[in-house]
Every structure is written in C-alpha cells, then in structure tokens.
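As written, the chain order gives the labels A, B, C and D, with residue 1 at the start of each chain.
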Amino acid sequence: MRIAGQVSIDDIPRICPLLSRTANPQYGEHGTRVVNVAGVRFGGERPVVIGGPCAVESHAQTVGLAHAVKRAGADMLRGGAYKPRTSPHDFQGSGLEGLCILSVARQETGLPIVTEVMDPRMVAEVAEVADMLQVGSRNMHNYTLLAEVGRTRKPILLKRGMSASLCEWLGAAEYIAKQGNMDIVLCERGIRGFPSGEYSRYVLDLNVIPAAKMLAFLPVVVDPSHATGVSAMVEPASRAALEMGSHGLLIEVADLTVGEPKCDGLQAIDAATLARIVRFAQEKKSVRSPELAAESGKERRPSSALKATAAFPS
Amino acid sequence: MRIAGQVSIDDIPRICPLLSRTANPQYGEHGTRVVNVAGVRFGGERPVVIGGPCAVESHAQTVGLAHAVKRAGADMLRGGAYKPRTSPHDFQGSGLEGLCILSVARQETGLPIVTEVMDPRMVAEVAEVADMLQVGSRNMHNYTLLAEVGRTRKPILLKRGMSASLCEWLGAAEYIAKQGNMDIVLCERGIRGFPSGEYSRYVLDLNVIPAAKMLAFLPVVVDPSHATGVSAMVEPASRAALEMGSHGLLIEVADLTVGEPKCDGLQAIDAATLARIVRFAQEKKSVRSPELAAESGKERRPSSALKATAAFPS
Amino acid sequence: MRIAGQVSIDDIPRICPLLSRTANPQYGEHGTRVVNVAGVRFGGERPVVIGGPCAVESHAQTVGLAHAVKRAGADMLRGGAYKPRTSPHDFQGSGLEGLCILSVARQETGLPIVTEVMDPRMVAEVAEVADMLQVGSRNMHNYTLLAEVGRTRKPILLKRGMSASLCEWLGAAEYIAKQGNMDIVLCERGIRGFPSGEYSRYVLDLNVIPAAKMLAFLPVVVDPSHATGVSAMVEPASRAALEMGSHGLLIEVADLTVGEPKCDGLQAIDAATLARIVRFAQEKKSVRSPELAAESGKERRPSSALKATAAFPS
Amino acid sequence: MRIAGQVSIDDIPRICPLLSRTANPQYGEHGTRVVNVAGVRFGGERPVVIGGPCAVESHAQTVGLAHAVKRAGADMLRGGAYKPRTSPHDFQGSGLEGLCILSVARQETGLPIVTEVMDPRMVAEVAEVADMLQVGSRNMHNYTLLAEVGRTRKPILLKRGMSASLCEWLGAAEYIAKQGNMDIVLCERGIRGFPSGEYSRYVLDLNVIPAAKMLAFLPVVVDPSHATGVSAMVEPASRAALEMGSHGLLIEVADLTVGEPKCDGLQAIDAATLARIVRFAQEKKSVRSPELAAESGKERRPSSALKATAAFPS
C-alpha cells in the first residue's frame, strides 16, 4: 500500500536545503544560528525570556505591563495588536492603535517588541513598529504570508502549527528563508491531541525541541502559556522547556489585580512569577554540571574552525 | 483547574450567529441552505461530484481530464493553479497560466470550476475564472483570506483544517459569512491522528458530517482523495461518505496512462472509477428505503412553511 | 535520529506470519478466511449484523431485546455480562447471572451469542455460554488474555485498542493465532483523536478497514455504537462502514421505552432502526454495479484454485 | 447532541472517591501520599531515580547493570522478566529465570526491584521477588489485573495507557485502591499523537503531571525512555520532567559496550548519563529559589495539623 504525500525527517535536507543541518555542514552537529533582535540574542549565551500581554488592550494596560516585564528582568515585550480568534464576533485586537501603544511601550522601556502579523498586506506596517514579526500557529501553513515576511529584513518568530509535523514546520521556515531572510526563531506552542481540553489547552511537545535542533540550526523557543492554558502550569513548564534545551520562552503576563484580560486570562501569570522564571533562565549555566556546561556550550556555537566565517551574522 | 480557550459545541450559537441552526430557526432541524454554483446545487436533490487533477500541469493534461470528468458524469471540475506544498522548492502550481487553462477547460466542457486561492491579493483574479473558490485546509485559520473571499459573491468551498475542531471550522465559515457571503460549502478532508501515515494519509472523520449538519445549515462534502491518500480507498470512501450524509465529493482524477502527476499521484483515481462513483451518487435516492428517503428529503429542505421565504436563494 | 520501537506495515509479514496476506499466499490478493459462528459466516456472502444490549441487566430486558433483535433480522446477539468501566464503583455487569440470561436468550431465539471476557481465568466459563468470545478494546494489548482465548476453539471478536496502530492490532490477533485459533474477526470501534468528546465519542476510522483487508485475510467488522457515541449517527455510520468494505456490524440496541440503560444509553438505537440497517446489509449485493459485485465477490473468497484445500475450514 | 460515555475531570471525585483530592481533604491542596518501597520514598523529600535494563537477558547483563546503576547513585533497579511485545514471535522475556536473576541483583546491590506483571495468575509469584509491581501501559485498562495487584500489599507502579485520559488513568488507580492497596505511584510514559514515530516514539505529556497532582494525592513519576524513544533525549527529558514536578524517573540503562539489548536499545542510556541525572535529581532542592523551595515543601506533605494521623502510613 503506497500512500500519497509521505515524507519523513530523512527528507528534510531536500525539503529545507537552506536550513537543514545536513545541507549546511558549517554549523556542525551543534552550532546554532544566533538570531539578533535589537541586541537580544536567540541561540546565544543564555535563554531569552519574552513577556507581555496576550492582546494590547489599552495604553495604560500595555505600558504598565511593559514596565513590569522590564522590572522582572525579561528581554523582550510581546503583545498582540491583531488577534486571531475562533469567532469573528470576538475582540479582534486593537489594530493600528495597538501598534502605536506597543511603540510607546518600547520607547518607555527599551524592550524590543515581537507582535503578530496575519495579513501579507500589513507586513510593512507592522514591521515599522515591531523588532520581530510573529507568524502565529494558525498561519504556519500560510505560505503567502511566510514569503512576505521573508522579504522583510526583520527577524521572524515562527510558531508551530497545532498539528504540524516537524517536516512541515521546517518546510514553513524554509519558505521564509527562500526569500533571503534567515533570521528565524522556531516556537513550539503545544499541539492538538486527545488530552486537548481535558486538563490542558494543548499538549506541550518538548520532544520536538531536541529533534528540531538536531535537524536544523535555528534557535527554538517555547510558549508555555498556550501549550498549557493553565496559569499554574506556566512556571514549571517554563523550567521544563529550558531543561529540554529551549533557547527561550514566550509568556503571557497580566496584571490580574485590574480584572481579567480580554482574551486567554486563565493562562496569564503575574510579574512576580515572571521574575522567578527569568532568574531560573539566567542561572541555567551556573547550575549545570561541568559535562553539561561543556556540551551546551557546544550547542550554542559552531565548531571553532568556522567561527570567523561570515555565515554567522550575529 | 480552569483552562484558557475552552469552547464546546454549546458555544456554537454564540460563535456562529449567522450559520448555526439554533440561531437561525428558519432552517428547522434538517433544512440545508442550497449553494448554487452555476447551476450545480450543493445541498440539493442529489449529491454533487467534483473531479479533476490535483494540479493544472498543462493544457493537454487538464483539458483532456476535463473531458474525461465530463464523460464520467461529474458535475464540476477541480484543479489547482496554486498549490500549497510542504517545501518551497517543490512545484508550486502553474499560476496564471493554470487559471487560463482552467478557463479553457470550462469553455470546452461546460463544467463549472472550483480552484484554490491562497493569497488575499489574488482573490479577484482567481474569482474571474473560478465559479467557486476553494480555501484549503492549510488556510482554514487564515482569517484575512476568509474575510477576503467573503467579500466576493462567489460560492466558497471551505476545507477543514487538519486538526480543526468543529467549533473552529464553523467559526472559520462565520468569518466568510460575516462579510455577507453565505454561499459556503464545508469540506471534510481527513484529520491528523496517530494513524496518519501508517496506512492512510489522514484519518477520514465521517462523524463530523452529521455533527456539522446538526449544528449548522451549510452543505457538507468530503474529499476522499486527501483523507485516504490511497487510490484504492477512494471509491469505497466515496460511497461511505455519501451514506454518512455527505452532500458531495471532491475527487482527484488522473490519466495514469500518461505518467505520474506532479503531485499526489498515489491518491488519484481514473475516469472509469469516477464514473462508478457518479453512478452511485445518482442512484442514492432510489436505493433508499421509504423511511430514509423521507428523512433525507427532510434533510435537504427547510420545513415547508418556510419554503417560500427569501431565505433560500437557491 | 533513530527511534526505538519503530515498526511499519512493511513489518507485518514478520510480526504476523500466521495472518498476513504476504506470508499466506493461498488467500491471494482478496481471499478472506470465513469465520463460522454457529452457522453465521463472517467474511461470507453478505455482511453480518450483531445487535443487543450494552450490558445484560435483567432477564426481561435481555430476552425481550433478543426477540426484538431476532425480529429485526439480525444474525447474532451481543450483550455484556462483564463490563469494563472507568470507575470501579460503577456497575460492573451482572456476571454469572448475566451469562445465564444470555444462555436463555439464545435458547429462546436461536441467535448465537457474542460476549466479552476480561479475565483469563474466566475464559472457560464464558466459553460455555458464548458462541464467540469478545476481547474488548481495553484488553487488545492484554497478551495473557489473548493467549488464553487462543487456546479455546471458540471464534474471537478482537476489538481494536483505542490507539492501536494496525501493526499492533494485527500483532494482537497473531497472539491468538499462535495458540492455534485462527477464527478471528477484527472489530474497528473508533480511535482516540482530538475530536473525541467534541461531537462524537471516538473517531470512526474507516480507512483501517481496506488497509487491514489488504494486509491480512481476516474478516473485519465495525462497532458504530462506540465509534460515534451518538444514537443518531449509528445508522448512517453503519451504512458507511458497509460501503467501506466492513464484513459486518456490532450494534447496541435498547428498548428506550422502558427507561435508560445502565450504561451507554446515548449510543443505543431501537429495534426499528436496527431493522433498517439489516435490510441495507442484506441488499448490499443487489445494489452494486456489476464491476463491483465481481470485485467484492473476489474479496470474499480465495482464488478458485485453492478453494478445495483444507485451508478454509468454513 | 448528547454523547455517550462523556466524563470530565469534574467527575473525578465520583470516579475516584478513594484517591481524589476533593474527596480526601486530609491531604489539603498539596499533600502527597508518600509511597515507601523498601525505604525508597516516592513523594518524599527528593525525586526517586529508578534505572535498569529494559529486559532481563542474562545474569551477567543484569547483575552487571545493577552494580552500575547502584554506583550511579540511583535508588532502585528496574528490569522486565515478562515483556509485552507487538509480535508473539519476538522475545517475550526470560520469565521465571529472569525473576531469579532480579532476586540475585537485589541481594548483591541492595537496590529494591520494580518489575512488570502481566498475568493475574502470576501476581503472587512476581510479588515474591519484586519490591514494587509494575502494571504496564498496555495493561492500564486491564481491570482484572488491577484488582489482583490491589489485593497484594506491594506498592504498584501504574503506567498511563498510551491514550488514556486523566479520568481513565485515575480510574484505573482506583481499581487498585478499591482492593485496599493505596500504595500507588502513577507513571507518565508518553502518549500517542500524530508525531509518534516522526521524531520520537511517543509524545511526552508533561502537562499531565501538575494536573494529576492537583486532582489526586498520589506521587507521579515519568519514564523518559519510552516517552522519547531516543537515547539522546532521555537526559534533557529527565530534567524537564523533574522541573515539571515529577516525583521521580524510570529509566532504561544498557551497557552499550557489550552489544545492543534485545529490545529497545535505541532508547537506553549508559551509566555515566544516569549518574548525571541522579546528581540533578539530588540537587533539585538546593537550586530552587526560596519561594519555590517553600512551595515544593508544601507539595510533599499534608498540612501539619494532619501529619500525626494514621492516614499516612509511610
């Protein structure tokens, strides 16, 4: 019985000649391409932590949270001006006004911004404000959008589709790379499985982190907020993701003292929890045994012979 | 433990006020909105059969197949001019040239055309040629595209995302409806599950057909080619889908005597098999027991009291 | 990256030398081993229909239903004396008393009986009453039980585990065959997937029917009651299963006029619906086009050259 | 649409009156029942590490590995004398001889033993040698076996079924508890999902750990060997599991210098890697921030008022 459309990870060098490790031996077995977002280095010396609201709702909410995220020690600010919602009648984000608020938040705090873009016609506009463009899970297979963000020179955060195979995820990244933009960070955010909805929102699939790192040289981060959907699980899931080799975290934060956010409040954590996660991320190297430190050192840069080449733009 | 983002089918009237049966009592328990595509009636008296190549490759291939599809008795022609592929380095469809070929095929055979659109900026162009616009599985969550096709007056074939819940699928349809376009046909095409790839490409989920029909009033069709990925399964899966209440079928056909198609050849059937499927679809009513004929009659139109209203534009 | 425990359907001849088609060329490409249960022939001339209560609750309920099932034209009676339940505090079946009631029902109606056995120490006892022993979905991987039922000379109905691959399912059947009992009927009953619970109980996986038939020579039947969990879906799912090539159906029936059954009432149908399904099953041959009739004829018996051999004990 | 068999985690107090936190308020919000296995305390002060071969193959192999596991600092020895295999023609374990070898290994190293039992008729025999009985994933729904191990006074390691919901898993534990045996340790070992087999054997579902701990008071451990199926993933997955709150680890170890084990060699780690994991497990408390240390302290014992009661037999 032969089945149409069958690919396996053995096909990744053919699917992704620009991104697969095999097709790009200069990265060696463990080298990661460092993606630099206004000085924040994904795949660099230590994990990156991004915090912020699910959606930009108002100036006060977003700028207030940005300061809290900054004080917690996080590296970047997240926040959606455009929100993909199951129903078209639900809050769809604050749009351009939201982008302006994010811009103010960056100016006030100095935190680089990542925000989602959903419309290929809006890419230029969003890229004016954002330091990093997010392609969300629902649009991972939106090849038109992937090509469009690939034409910008902005780093891209590419979330995994909710049932995307590793081949499909790396193939989606290749659509961006094909346009000349190699600054791509992969983001695991939970997959659909039979437990979706019984005790967590999605199934956090940490196995994909080492797998993606073995097969491609891009940094990989994790969104524990969507992957769990339960605020009490976000902190342990963050630590787990870092131990599994994640290069960073994308976390939803809310000021729960001022009322429930307009979307996904049940998965938001407060700034004090974020601060503990940041501390954990920063201490990762010091708590490692020597063997592991050596090994994770290897993982973060290409073999020394190649260090001086132009292949690593960071 | 409260989980973010939880919705159930009980929320469908709120998610889909335009499309849910509860919110639109004029359709009764069994009434279906008939979607008329150049005279072909989805949700009408008998199931609709659409056949054609996976991708438009050449004039000879497509026009030749169109004639074969016509001779087999099918109602419409399918064929992709723009193809979403896992790798950006694979054949992406023949684009505008493909649209022109489809146009010729329609002229020569009289068969209405359904073809996929992936870019919101191309909707007008594709709509010039197509009688029905297909939004593919990979773009079911692409709300920008959904809104854009909703602004046309063309009927839309909305494929289910490969791990979309029923709430998400109907929510996606609502994005189209919200723009004023109610001519939507839902298409089940297989979902991701652990058996994906062991013996079939996807898991054909026929249970969703009666469920979608109970909750919304749109016609529902099935794509047995992608749902199985195995040509020998397409004919029995077609019959099964019709018995489960599908209003039609979307089937990939190839002339296997002239060599393997550029994509998905292993799931294509030949014209003789298509002809048997068409015959089965046409005979559906006559082989039903009286009880069932009565019931399926009810399923295809709203209660008689409402028949004369303007609500049913077919 | 090499993964432990990887098998594919290409390994089936090695996993199942007793049951795989490749390893048993006497069955040809389409021959089915007919399994004879007190005169009822699974894999024979026409599909088999088994109906009956989920659980044997009382003499009146079971014998009453047995007569109704008989009048509806079904071939066999099902009914659980031992019920596997999620909670140990729920009704666990009526046990020995239930077996006695089933025995009476058989005497009164002449219908052969299939009932579940869960304990290897009870196999002999259950086999005294049952014409066919059912190994349930929860015990498909219970190799101790499989070997024990393999040591009886009773035909076995082997349900698919709720997330069993085809390799695992056929491997489970091989455990029975290895003990010398080749009278095995496979039963698909729905698998776990993300839609489990949204609009149906399990995901009815009809693709596995032609796949199992291509790879092994055992008859395959379907349990539409568990696979849907929704009584209104049972009839269309039954027809769909037969069109997909199922050799029979295992259906839960209840007399809903006397109150809700102790388990799974929401998926039970009444005797009138069962009668329609039986009629559909019996008319299957006559509504087939000649090509298909020929083909399905081939599917039901081995190539004529082999007909006279001792290999087909039916 | 009402669906049969629907339960949610809100039903757990009813499904599991003996084990659910709600029904047993003496455990408070965070108290864990400590399960004592010959002095090894699951749910106690620090995570437990169990190492050993997949299968007991020979005296030299098992005793040699037992010494290596001991030197690596692990707490217990694992090893299968009875192995559930997909094919009945594959190596099924060394049976009684294997039990004897395990007994010797215990005597020589002092490590308590956990080993799998699959047959209810063998429980007494296996319990003579084992300090803890394992019920494997394939038998999680084998209620006959669960009741039988519940009748022993041995602690039970209950693996999660490969597609078991949390309700079903806790329900299975309740079958053991109902017989009077409350010494149950839950073990997550990966679930079936669409990625099974693409880049890992199963999907490691860490979200279920905090969920199980919120809903019941039993210790929860993780088997990273089966959950990943890739030896290079076992160490990071072990650390991740501990960060997610796992009370311990069950890991396959092999001496890869002497050739590939008879089963699952690709997921085995060597003793040096095990030693690093043990060190990580032992240092867990010291690397915690004060807030977390306090919190995880709370998690490990019931509120002080209840400490003196007879409810906690450890």
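Going forward, contacts are C-beta pairs under 8 Å (C-beta built on N, C-alpha and C of every residue); 3 or more make two chains touch, one makes a residue touch a chain.
Bear in mind the structure is a predicted one, so any value in this text is a computation, not a measurement.
Where touching is counted per the definition, the chains common to chain B and chain D are A, C. The most distant chain from chain D, with centres taken as the mean of CA atoms, is B.
One simple way to say how far apart two chains are is to compare their mean CA positions; for chain A and chain C this gives 47 Å. Rounded to a whole number, the gap between the C-alpha centres of chain B and chain C is 33 angstrom.
Along chain C, residues 1, 9, 163, 167, 191-194, 197, 199-200, 211, 214-215, 230, 232 each make contact with two or more other chains.
If the chains shown are joined wherever they touch, the resulting network links each chain directly to all the rest.
The touching residues of chain D, when paired with chain C in their complex, are 1-7, 14-17, 84-89, 118-121, 137-139, 141-145, 147, 162-163, 167-168, 171, 174-175, 178, 191-192, 197, 199-201, 225-226, 229-230, 232, 264-267. Taken in their complex, chain A has these residues touching chain C: 1, 9, 163, 192-194, 196-197, 211, 214-215. Touching chain D in their complex are the following residues of chain A: 8-9, 163, 165-167, 191, 193-195, 198-200, 203-211, 214-215, 227-228, 230, 232-233, 236-237, 239-245, 276, 279-280, 283, 287, 289, 291-292.
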